[in-house]
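Two complexes are shown next, each including chain A; its partner changes from chain B in the first to chain C in the second.
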Partner chain A sequence: MTPRVDVVVPGGFGGPWDARAGEFITVIDLEGEQTGDFVAFVTADPDEWLSPVHCREALQNLFVHAGDRLVSNRRRPILEVVADDVGVHDATIPACDPTRYAVEFGVPGHRNCFENLFNAVHGRGVDARRFPEPLNLFQNTPVVGDGRIGLTDPVSRPGERIVLRALVDLFGALSPCPQDIIPGNGLRPSPMRVVVGVAAHLDGAE
Partner chain B sequence: MSTIDGTSPGEIHIPARTGIAFRVDAGAEIEIVDLQGQQPADFWAYYENDLGEYLSAPHTRIANMRLMPGVGDAFFSNRRRPMIRIVDDPVPVHDFLSAACDPWRYEELGHRGWHGSCQENLELAMKRAGYGDVVCPQPFNIWTNFHLHPDGRFEIMRPATKAGDHIVVRAEMPCVIAVSACPQDITLTAGLNPTDLLVRIR
Partner chain C sequence: MPLLMTDPSPGPLPPEADVLIPGGASAVVSVLRGQLLSVENPEGGQVASLFAWVQAEPDEWLSPHHTRVFGGTFHLRMGTRLVTNRRRPMYVVGRDSLRRHDLLLPASDATVLAIAEALHVAQIEVQRVPDPVNLFLHADLFESGRIEVHPCPARLGERWTARALIDGFVAVAAGPSGIALASADPPRSIRVRVTNRVEDLPVDLQVLGTVSTG
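Moving on, here comes the complex of A and B:
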């Protein structure tokens, strides 16, 4: 069955997606070692969104695993992790943003996930001041002991993917992270593919 | 002596299950005292000149490359500026991974009808102090003891504090601070007995 949405988002840029309740959202790392910052909003009320902080409490876990039901800031399950080739995702650090590059790396005007995500959902009633923290798909921030966290490249290989199922009508955005200064994307932003439809794209390609 | 604007040194008593908001100048020290023990204090900070800039857990984690700041470390804003620094922390068992309790949390725990929550305490305290509607970011959950296991699981435990234990933080910019004496009485978060807190500003 032909998917309803099938887009390739270039590395370092952002793209929107939407999903109806029951549809599967497959995010594929086409070339490997690529983080994808991911946000989801409830279509009927964009003040309700996928919330990593509430997920941690609901799951009683720092990390997200296959089978988990991911909750909103109203503590309602809105997405379910159906399948996951990679098993390493981050739910603890923010989207990179203009300040990150301008102040901390001395590179003003660098592309960044915050603007990619925000611009992708522009005009849909989302307030920049209340913008949610993303779920960073494939991002590798291990807890390395004593509460310290590391920041390293994803372990995802070309074509590996995560499949989510929308439990309510949702829209959102994906930003294949433009970080090319420190590890996070193998120092080379690369494209990701988003497929949405009633069938799960478990093989990652047709 | 009592103040709710924080412009002069003073003490604020926070009755069990309620919250307070007050402003402080850059350089002010804020001491929070757990008067009876085993009582978490949910803590928020906003930049006084723009309440859209607030203490942000994800930005603090990446700035320090740690899950939880220690003595001398700063909490950063969502604009990546240092806002609050830990000065003294004799009982350094806190949570910095979880949301404030809110009406949906109590519904999830099976409670029927109204139940006070840290989110509502924040919203009411900010309104009472004249700041209107604000975002409720993830708080610094002082003395909340969600023990993190090596495999990423965490479990709710009683706070490690005894009566009179304290923490001192310093404001790095003029801030509006809000503190909630967590009303959680269903899980072990507040030792099944929510009690009072004291805030001293100097």
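Moving on, here comes the complex of A and C:
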């Protein structure tokens, strides 16, 4: 069955997606080792969004896994992880933004996930001052000795994917992270593909 | 300013504050650059939810999420710089008798409502009640990512103190944490002090044992 949405988002840029209740959202790391910052808003009320901080409370875990139901900032399940080739994702790191590069790396003007994500959903009732933390697909931030954040690259290989099912009508954005200074994307931002449709997009044979 | 500057600014020191927040309530206080913000457990067992905004720019707020990335750690420790959503250090932890706090979990709905009400009373307008710094919330974190929440271990007189680096206003809630076991039920009081001199704070309780992160 032909998917309703099928887009390739270039590495370091952002792209929108939308999904009706019951549809499957498949995010594919086309070349491997790429983090995809992902935000989702409830179409009927964009003040309700996928909330990693509330997911941590509901799941009692830093990370998300296949079978998990992901909740909104109103503690309502809005997405379900249906299938996952990789099993390593991050729900703790805020999107890289202009200050991440300007303040912490001394590089103002760098492309960043916050602007990628916001620009992709601009005009849909989303306020930059009330923007959610992202779920970072494939991002690899292990807990290492004494509670430090491990800084390393994703373990995803080319073509690996995560499949989510929308439990309500949603729209959102994906930003294959432009971070090319520290580990996170193998120092080389690369494209990702988003497929939305009524069938789970589980094989790469199309 | 209370800090030891090369060219001390003339004029009086900023006003201090001492607020007892009843269990279930919240309060807003001003904390200026150089002052000490001290949050204390007068009865024990109570989690304190801490929120702050930059006085000159209410779209800039204290962010537990950016604090974790800035420090490269999931935990709040002595010397941790608590930063804003624009990655500027706003507070630095200078004294801490418990050494168990949380930067990962959300506020309860009751706490968010209490904070919004306290801001309204103080005639402060903000776009968003951000996620809190959960003082005295004991949550162990394991390498599997598992978060294990324990009953609040704060003793009577347990205290956390930080130096302010940016003029701001702070909101503290002594609310229910919303997470099973994490805080006293019903909620107990929290005391917030804003002082210019560390000598005006009581001596801290002795730190117990070693701190484990699971």
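Please note the rule applied: the second predicted complex is superposed on the first by the 204 of 206 C-alpha atoms of A that agree within 3 Å, B and C clash if a C-alpha of one lies under 4 Å from a C-alpha of the other, contacts with A are read in each partner's own complex, and residues count from 1 in each chain.
Note that in this section contacts are C-beta pairs under 8 Å (C-beta built on N, C-alpha and C of every residue); 3 or more make two chains touch, one makes a residue touch a chain.
Just so we're clear, the structure is a prediction, and the values are computed from it rather than from any experiment.
Superposition model on chain A: chain B and chain C are shown in a clashing arrangement. Of the two partner chains placed around the shared chain by superposition, neither chain B nor chain C is touched by A:A66.
In the superposition on chain A, contact of A:E104 is made with both chain B and chain C. When the two structures are aligned on the shared chain, A:A199 is found in touch with neither chain B nor chain C. Once chain A of one complex is fitted onto chain A of the other, the partner contacts of A:V155 are absent, as it touches neither chain B nor chain C. Contacts of A:P142 after superposition: chain C is touched, whereas chain B is not reached.
Of the two partner chains, chain B is the only one that A:R76 touches; chain C does not reach it.
Overlap of the chain B and chain C contact sets on chain A: residues 51, 53-54, 56-57, 60-63, 73, 92-94, 99-100, 103-104, 129-130, 133, 143, 147-149, 151.
The residues of chain C lying in touch with chain A in their complex are 59, 63, 65-66, 68-70, 72-75, 85-88, 104-106, 127-128, 131, 141-149, 178-179, 213. Against chain A, in their complex, chain B makes its touches with residues 52, 56-59, 61-62, 65-68, 78-80, 97-99, 102, 104-105, 107-108, 135, 138, 148, 152-155. Considering their complex, residues 51, 53-54, 56-57, 60-63, 73, 92-94, 99-100, 103-104, 127, 129-130, 133, 142-144, 146-149, 151 of chain A touch chain C. Residue ranges on chain A touching chain B, taken from their complex, read 51, 53-54, 56-57, 60-63, 73-76, 92-94, 97, 99-100, 103-104, 129-130, 133, 143, 147-151.
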